[in-house]
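The following pair of complexes shares a single chain, chain A, combined with chain B in the former and chain C in the latter.
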Partner chain A sequence: MLDYPERVLPKDNLIPLLRKLAKDARLIAPVRKSCGDTLFTEIVDVDNAVFDLKNKPQTSLKPFLLPQQEILAKYRVQDGEYTFSPPDAARPTIYFGVRSCDLTAVLYMDLIFSKPSRDATYFDRRNNSLIITLGCNDPLDNCFCESTGSGPYLEFGFGLQCIDLGESYFVSAGRRKGVDVLEKWGYFFRPVTEDDEQRRYQLFLEARGRFTRNVQVDHACRILQENPVPESLLEKLSSRCYDCGGCAYVCPTCTCFSVDDMELSKTNGLRIRSWDACTSSGFTRMAGGHNPVDRRRQALSRRFLHKLKHDFALHSKPSCTGCGRCVDICFGGVDITTFIDLLTASESV
Partner chain B sequence: MVGLATSFGSGAMTNSIGELEGADVLLVTGSNTTETHPQIGRNILNAVDHGAKLLVIDPRKTDLARQADIHLALRPGTDIALINAMMRVILDEDLADQLFISMRTEDFIELRDYLFRLDLDELARITGVSLRDIHEAACIYARSCKSVICYCLGITQHTCGTDNVQAIANLAMLTGNVEKEHGGVDPLRGQNNVQGACDMAALPAVLPGYQDLTDTDVRKRFEQVWGADVPPVPGKSLTEMTHSGPDGDIRAMFIMGENPVISDPHLNRVEATLKQLDFLAVSDIFLTETARLADVVFPAASFAEKGGTITNSERRVQLCHRAIPPIGNCRPDSEIIMELGRRLGCPGMDFDSDAEIMEEICLLTPIYGGMYYDRLAENWGLQWPCWNRDHPGTVFLHKYYFARGKGRFTVVAHQEPSEQPEEKYPFTLVTGRGSYHHYHTATMTRNSRRLVRECPEALLEISRKDCKDLELHSGEMVEVSSRRGTVLVRLEVTDRVKPGTVFTSFHFWEVPVNKLTVDALDPRSKCPEFKVCSVNVRKAAHA
Partner chain C sequence: MKASFLPRPAVIREIIQQNAYIRTFRLELIDKTRPFTFLPGQFVMLSVPHLGEAAISLSSSPTALPLFDLSIRRAGSLTEAVHTMATGDQVGIRGPFGRAFPVEHFAGRDLLVVAGGIGLAPLKGVIDYCLYHQELGDDPVSGMTLLYGSRTPRDIAFQETLSSWQARGVDCRLTVDRAGDEWQGAVGLVTELLDNCTVTENTTALICGPPIMIRFVIAKLVSRGCGDKNIITTLERHMKCGMGICGHCHLDGKLVCVDGPVFTLAQLKKMDVMELG
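After this line comes the complex of A and B, so read on.
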């Protein structure tokens, strides 16, 4: 964490600040759509945008940093010779109103795409981004970031973190780019008082007490380090999985992808990367139809085990950020919280 | 639809989808709900989580059947025998709701006398289900005051489809499980807007809102608004048209969003009919197998490129928003129809907006009377009947009385499917949707790489025993033949089907399974018997 003094941004100054920031960059923020959805959307007109900082955006930042479908390279063929050109360069982008869980997910993606080799297109976008988060004073339905250590407030990783104090935002800088904003646009902010600090802490305490779900993520991680998943549990869950991939697509840390070459004409084409899901049976099926993974049981648990077992072993932290989107979307009710609840119940201490 | 309309006076789902979660007993028959209606499937599974009992009637051991408290794996085409047996048990156990029967229904005595003449052991033998299971299922269904029946094409796509539905309606009325919340009879509609298409009279014998075509006053009203004569003679049903043959009296066709060259039964006949037409126009979003035969193809806009409404299974009329402008030359269906109408000299084809079209619908269709666009936008849609601007819509049907007045019991007797297994064709072939990943003839879903990867080809499901007896192996190509044709398909050994039955999907043009199916129809609904035909399975000749 950067040791840069915190600031307070009066709410009246928010739109003027965003207007300044949007001059040099694309601004993305949660917007309430006419059909009732809240989605991260590019803000073209700061004054007339319907910001929605109350509801959970239905998608995370994943579609921006790792688009559902993206061009990795363009190719041309001439006289049997292939020439490749890189995709269009990323535009500088500011993300505003990002939740703690989603920022945590971006930090996880940074890790995934930096090893074994740095993913050029991902980091082109990542290095061109400034993420301004909004701490959650009111955890939403199905949220459990407290149990995954990724909220409701964060200690590091953000460009700027805003905490809603009512009339103003308590703003901390976590990275150099955030400090640049505080320095360049210092006149929008005022210094922090003891009262602001106490108020921020009080809100934090209350927010932690407001989670409606108690999901024992830690406990599940520890059980999985030592034990296999009970067969009966897998049987129950897999029988209700529709194999639709919805959980993986909305998950901010599911980063599986496939690469396809798309021929546009005889002389040129694209190399495309698109989202994939390890829960799909086609993800592991071999030529000839053999599948080393039994869809019924293993495919589903593989996703849970990756998040709660393998990543926990690697990073001492699960790669579930408690955003609850898989809970919101799953048709069958076999999201990660069901898995954790049943697992911990079966292995009660 | 005809069946339910005869018994209750309306052919639509009596409950709302959300009510399923509150039911105590769910009887699902002829529906692979979790794969074909995942959203409704979730409601059913939630009900199970809350402690509801699940009864599944299906010849196949579907995912849903595996979760059932009782799975009645009947022989294909014996639904009536099974339901009659359940009703007989209910009478024997004195579980019938006599008060409901006397207050809200008619013609019960005939059914009661008929049921008492039946032999339960004989019925159980016909269905291939143990009498103990039938008995237990009947008691579970009848003892609950919140029992729901969901059915789908496994019930209707038989020569006795209408009778099947009437048997189901009898069962619900016998136990008083209809006319209320969390209790009713719910046909699940297969396509997102098939309910809307029926409501708008894309049916041969009714006017929009199921108004009687033979009623002079009704016709006069339409003639006044449309500025044209409305003939009182019903049109033809789908297969009457696509099977009319080279010598039929139909000389031209306009097909919208349908692919009968793959989806209709007895394909050779369909193809012969379409090829002999003087003129064929097809409107679709992709160049389907049917569109390839057309003289003119209209490129239609996809769901994202147009507005309008969609009416779902629970009679909810929902407003759709255009997300992107139409790509290329494609145009919304309404524009295609209006342009065509104008050029053919049809009056009134000059609507400026979808909302204006809806105003005419509200005017002419009593059950849609209050479905104006501004109201639909405010209400997340409205459920019909919605008689006027102030009407809140209807959550469940038949409150106080059935739409036809009193619910009518109908005596229906078991009848064997039109084709029986015989020495030359010893297996019963059931067709249906084969996977979550493809829809209908896959004209849309096969344009998605990921869906194709997940489900790349049709598979013929066969039991381990049959596979062994035929000395075949899972994964090899086999020849499946019926009296009408032959197709090649890959074999999959599974415990989903019982010995003697095989199953495959109709999604893939490479495996045009409807070359095998019979063209026998239900005499009333004209629905083809897709679900049962007799076939032979053998090693593919060139393999």
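After this line comes the complex of A and C, so read on.
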């Protein structure tokens, strides 16, 4: 196994480092917007960007690695011929300030898009990316990554992981591309001292103690391996679901998509992939109108079962990363934590 | 497997009108430098200019390659457009995808093929495949019986094929839901035809049709003593990729496009599917 190096980056050196990195790649980082929300945004001007490393970005990296709409193929219909060509190649991209939950979600997407078939469009983007995470010292509202085993700090999977020590960042490399940064821009960093390691460990323990939500994810997964979801629970949740798809869109691990053609002219067009939501009633409807899944509560439970039952059976862990975004967004209160809370409560009665 | 969203152009060589709303499109890929082969029961994603893709079962036997058939019922905007296409026009093909019927296990078996309407399309390839090998004396099946249900006599598709199969030794039995006096054959559900069929330990039943038909045929076969592993059906679901990524055909932990579309009853029983009621 590669011995992944660790370094310390004094905070004064962060912008100079990002300036260097942004020269050869597109830089994406959380930015505070004028409306008061925080979104991952392309940084065009490193020096004048308003980075927001405190609040939870409302979106994950999903809009970048699996864009809400993207071109899968271009087609031409001309002189009786119908031909397809691949989309443009992805640009090298560096993501900075990514939370542990969102990196875990990317690792899950890697699985989905590699088995049973390897999705070339996704991996073109993925292979052109370097992800620099920021461990969470202050878990935010509705965060429960500790219950899903995806935070607050990570052990692997990142290019680089930064932990805020106050005046500096403790930086660990987790992949070759991260090691390359530490080597190429070594003069921005200093070696790790015993004090740095102690401080990092202290912060980790404190962060774990700051979670306000305790969600029994593992317990729920185990219940679902053996038992059906109680009908009363499904009724309760479906009566509050408005079929808006918001949970699936903000979810960093909801990867279901649709594919449609966009006609640009009589002779050419684009084949577009766009996000879809298994909670919507049209998701399974076939030509002619027949729908093998016609009850909303079946559609609603499918999303929870996929994450907590089927993926748990396949990968021994759920595909919920505890980011809490569905909790933030659902105005009906039909988020995954409600489902887990009610399921585990019904089991213990 | 490397997933590709780039279809290969294919040209329509022949169009066979099967009934008022089903046509068979006989296709040939233009670029032959890359291999293309399949087994009965597999499907392709068919592209039609400006309308996107739809999953369509292959309705011919691979023994007829380089030509292959897609038998298409007019059901939505894409299939509507296919029906306006002419010989020489081009479509796009991705695939083949999915698990095929286990034809390698059919030697010596009594095949009982039960189909309703367009449901004969994915099963047609199996019968053609088995007949081809039977006539070569190569791993022949013991016998083949086809029970085929249609709504009315005018709805009966694949009529020329049925005559040819009958002549080549397939016991073809037809029924219609309703008919006028001119119809000499059976009237009633396809399950009623099953009453006059022999079902033994050597029977392998292949079923495709509307979900309600599949459900009642399975129930009847089970009551006649047919084993769960010898009852095989193929499911139809909405699909967008065909390669196990898009999620649309997710079925209680399985994906119809890669784990199916062909399933034995033994496999279906482990899932919550509407075809079992």
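Note that the second predicted complex is superposed on the first by the 344 of 349 C-alpha atoms of A that agree within 3 Å, B and C clash if a C-alpha of one lies under 4 Å from a C-alpha of the other, contacts with A are read in each partner's own complex, and residues count from 1 in each chain.
We take it that contacts are C-beta pairs under 8 Å (C-beta built on N, C-alpha and C of every residue); 3 or more make two chains touch, one makes a residue touch a chain.
This structure is a prediction, so every number in the text was calculated from the model and none was measured.
Peer 1: So if we stack both complexes on chain A, do chain B and chain C clash, or do they fit?
Peer 2: Verdict on chain A: chain B and chain C fit.
Peer 1: Is A:34 touching the first partner chain B, the second partner chain C, both, or neither of them?
Peer 2: A:34 sits against chain B, while chain C stays out of touch.
Peer 1: Quick one: classify A:242 as touching chain B (first), chain C (second), both or neither.
Peer 2: First partner only.
Peer 1: Touching A:260, do we find chain B (first), chain C (second), both, or neither?
Peer 2: both
Peer 1: Looking at the overlay, what does A:79 touch: chain B (first), chain C (second), both, or neither?
Peer 2: neither
Peer 1: Please indicate which partner A:280 is in contact with in the superposed arrangement: first for chain B, second for chain C, both, or neither.
Peer 2: Only chain B is touched by A:280; chain C is not.
Peer 1: Draw lines from the C-alpha centre of chain A to the C-alpha centres of chain B and chain C: what angle do they form, to the nearest 10°?
Peer 2: Given the fit on chain A C-alpha atoms, the answer is 80 degrees.
Peer 1: Check whether chain B or chain C contacts more residues of chain A in the superposed model.
Peer 2: C
Peer 1: Go through the superposed model and pick first if A:302 touches only chain B, second if only chain C, both, or neither.
Peer 2: After superposition on chain A, A:302 lies in contact with chain C alone.
Peer 1: In whole Å, what is the nearest CA distance you get between chain B and chain C after the fit?
Peer 2: In the combined three-chain model, chain B comes within 12 Å of chain C at the C-alpha level.
Peer 1: Per the definitions at the top, what is the overlap between the chain A residues touching chain B and those touching chain C?
Peer 2: Common interface on chain A, chain B vs chain C: 260, 276.
Peer 1: Write out the stretch or stretches of chain A touching chain C in their complex.
Peer 2: Touch residues, chain A against chain C: 72-73, 75, 77, 80-86, 112-113, 115-121, 255-261, 263, 269, 271, 273, 276, 278, 283-288, 292-293, 302, 305-306, 309-310, 313-314.
Peer 1: Once bound in the complex, which stretches of chain C touch chain A?
Peer 2: Touching chain A from chain C are residues 1-7, 9, 47, 49-54, 75-79, 88-92, 211, 236-238, 240-241, 243-250, 252-253, 258, 273-274.
Peer 1: Quick check on the complex: what are the chain A residues that touch chain B?
Peer 2: 34-35, 239-240, 242-244, 260, 274, 276, 280-282, 289, 331-333
Peer 1: In their shared complex, at which residues does chain B touch chain A?
Peer 2: 34-35, 38-39, 41-42, 45-46, 49, 63, 66-67, 321, 436, 449-450, 453-454, 456, 475
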